[in-house]
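The chains carry the letters A, B, C and D, assigned in the order they are written, with residues numbered from 1 in each.
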């Protein structure tokens, strides 16, 4: 598939909430692409997503999509523990791959998957959608254009409105791998240097989360090779909505992105001045970014270009999350080898 | 056409900028509808819009759409001077009608068109898209819910980034009919009472506009039956972008909607704190409202319900614009008959 | 009194709320000045203000201050109906004069007072304190520096938190002379051109105010010689606090000043994002302006310079308020002679 | 000194920039107090401050103030290395003491000074002025009132506009003791629990500061006994002005305080929307807090009450700064004994 004029044919693997969202966006919001089929062991889910995507093929086994010559690329939205295996098989089948984050929780399986991708020479993009948020894109372009000079301090606030169910948390890999991973990738996206030190601390205020051995509140510090320091603060429960803020401070100034609200209406009464509660959660806040990440994937594959969020990016984010976990458990700074991103200890 | 499950079939009449926009939205953003054909004497334009709308029929004469049984409704986006005639013919053909604002500049022709609509019993909606802007919708719902108590003062600021070409202004009907008409409708939408007094003053700072006998800067005051006063200020040229602000003040508080910017990035440097220039113009600022007005039209027609922005609304806005023109020309308050909206003088 | 090194000696006439405020500021916040005495028929009030001002002399008749050679200037804070008479006598006694606004409600008495000032050659400043508000000063300096180019639209919002008692309103001269007069002066301060047209409309939502034949809600439009249009909106009752906003729009941009709040604390919870209610009223909002207007008066008198807010300014504001009253009563635009500011009708 | 009606007599020790400021505030802004004398080895400085404070006594040796029976209290504004000694002597002389921060850099000398205070039974307040900032006061009252529920995350941003001269930095004790100490105290003020863990990381971007072995950029993490985590970020050079922000996030919501600007004027032009640069530095931003801390000191001493910012507070802030220094030097979390605040290692 390289002719500019051709539409890209897509198979969607996994028809849960995020698969459904990608199905809708591919059918409605993204040009030069069409969805051929949807695979999910829960056939009803697959059927619903196929209807939304106007796709003809509905299967319960993703392998039935991989064997189809007419499919150029797959979008992997299945559960995390299946990602690595599907990547290996899809690459072997010569399909370009868009895979939801994280690639996996296990470093060996990630490496195996990325090697399969390399060997097959297919395009691979990992679903760090926040990189495509228009506000964050604009902020980063301004950082790259030198508006803040040398970045020195980065602040990322990322708080969810409410924790997921206990059964989800149990298999999530913990706060750092499940939630902070987006912020760790954002830090790398903004500073564009190797991280050399990772320190993390955390607390569990919610007894149910504490009982699972996880935390619900954390601060992670990253130190980059050039001296910039990034602090990330996370919470599983912000009662006022989905709190997503960025700040990059440098030698020449500071850039910030504030939260979004459903409307811009402001109300003044005897008690004060009031605005909307923040947008509820990621599907509201990052709606556009989900469109834009796939648009980018489609365009890059169609024109034979490198993916903009690589397997390397996916691996590095996992390495940082694992380093944060080690730091929390061992109460020490984890020094990373700048060349590999591996714990230097 | 009344079965809930049926899709609505649309013909688009006029394939200029706004016709193109509606074509895209009908095809991509609005469910339960499809575009059958596009009519425009400029066949290339019709063809382009049909491609966007995935429509099969391309004609140079709108009558070729009106004769088609398969078309349930038409969306009229042709030049203003053709609206009344097309409405009459479309109504006679039994088509439901969505018509861009204003219906016409001439009261008799508006009345004739609306009578044809009434007689035919078709649905009719006028394209006051700003009523569907999510911020304005939320503000109005809060006004209706009593958050500001009795409305007493309404402020509407509406300033364009730059004036249209002289040839456009020459046939536009003047600032009040061309530009203020949206704001006059918004005032009625917010206060929901008859206007009893209209006063307007204006200036021409741009020599080219003065040479055409028009103004580029104006303030209009409306007094409603219940005593509320609305001030509208307009300018043809706001160098900082498209300035669209609302405020409703009442006995229990105040509601406001501020301007929109392309991104929420804020930049601090030695010179101060900076945010984006405002969104450039109406296609950016009111993007969603164009989708939502047609979605509403489609749903209401499909379910056999009254249109939400009626021919009466279209007529009243023109009456207010004409009253403003009279006030400016004669330097007096124009008193309106609350029952008819006509100049009581 | 002209030696730069000498302190200015002040007598305060009238020890009500505003006299008390000036007494405090003169004693505590303003250099190169001291208060010699305070006059008020209510001797207890005079005594209290003298204590605050660290003044030795307490009298019930202001004439006892005027005869004192040691007093350089008087600050007139008595009731409006006494202003003109005291000005005439103070001027005759060779005292420089700072007089609260308005000078009087009667044009002849204003003119007589100003003639007395001219004849005596004393300095005279009228208490339009808002001109000295740091935000408004900064905005005006930027207007003068050309940041908005040619001013085209000016918006002044000025709403009190609650109406004064009926007995006050009865003798206040009505909304325009009592409340709008500050805004009319502000419009002149910002645009710096003669006003050529005045139009006003208003409503009474409060039955008690309606019963007094006054209004509580108004919009005034001013048209300046150069074509700029100013709209002023007033209300006697804004339940959310003292609403004081300015905006100057011109060919090169727009300048605004927003409201002030007691603190900058913002609170986010499940219901939304909340900030303080606005500052309660003028003593909070314009605290600094009261210091700065007297500081300017003291410095100008000490250095023998013209006052920055002249008797002419005081007269023009009254003329505009009277024109607004005429417009409201007669339902017509009042055209003013640009040379004199008098009704041209 | 205990009679409520008596004025407090003050001696000022040290007439540098901050001594001058206190002299002005005591004379102009604070009731029930007068300044008897000023001591500074630089007699010209002492004279200037005495003139501002309207004080009669000017001496070069603070002991000449301590021997005066008429002096109730001293305000110590001399260089940090003299604080402990003067406290000991002033306490022995029975004077109440207001001392600028930090008490000292050396723990033994701090303890000795505080023991002298205890033994003498005099009142002692340390100059953590930011606790008295109206915004921060309001935020803390709302935290205490439970508006955010249990505090979980605290963020303090504190960045200076430009670094002090090298000679100042050399003797400053380093970034943590000189600059972060205010923020460390603020964290304790907001959370009101013992700190159990301290972690710090930092960088030197300015070669001149690096040459002195100091850092100019840092992030400090504090973990409180109840699990709350506070992150403090500091920079010696924010080109956009003095950046002072607070945020307290908890189980029920979030409270923030944003930066202050000289004016509230906003300017919109073709390049965007612009506001003032931030206030320049601490004398602008914390102007009111300097008045309010001394007002509180004066009132508490006059009424025989405990100081609101105690010697214990002064000691704890130094302990935290020293722990941060240790953490940075040794690359480890410093665990503190919750009972004493001492390094538990």
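We adopt the following convention: a contact is a pair of C-beta atoms (placed from the backbone, for glycine too) under 8 Å apart; a residue touches a chain by one contact, two chains touch by 3 or more.
Just so it is clear, the model here is predicted, and its values are computed rather than measured.
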item	value
Shared interface partners, meaning chains that touch chain C and chain D	A, B
Most distant chain from chain C, judged by the mean position of its C-alpha atoms	A
Between A-D and A-C, the pair joined by more C-beta contacts	A-D
Length of the line joining the C-alpha centres of chain A and chain D, rounded to whole Å	43
Chain centre separation (chain A, chain B; CA means) in Å	40
For chain A paired with chain C, centre-to-centre distance based on mean C-alpha positions, whole Å	59
Multi-partner residues of chain B (each touching 2 or more other chains)	239-240, 252-254, 268-270
Of chain A, residues touching chain D in the complex	150, 152-153, 155, 157, 159, 197, 199, 201-205, 217-219, 221, 223, 227-229, 231, 233, 235, 237-240, 243, 249, 251-254, 331-333
Contacting residues of chain C [partner chain A, same complex]	239-241, 261, 268-278
Residue numbers on chain B that touch chain A, as the complex places them	28-29, 134-135, 138-139, 142, 147, 252-258, 260, 262-270
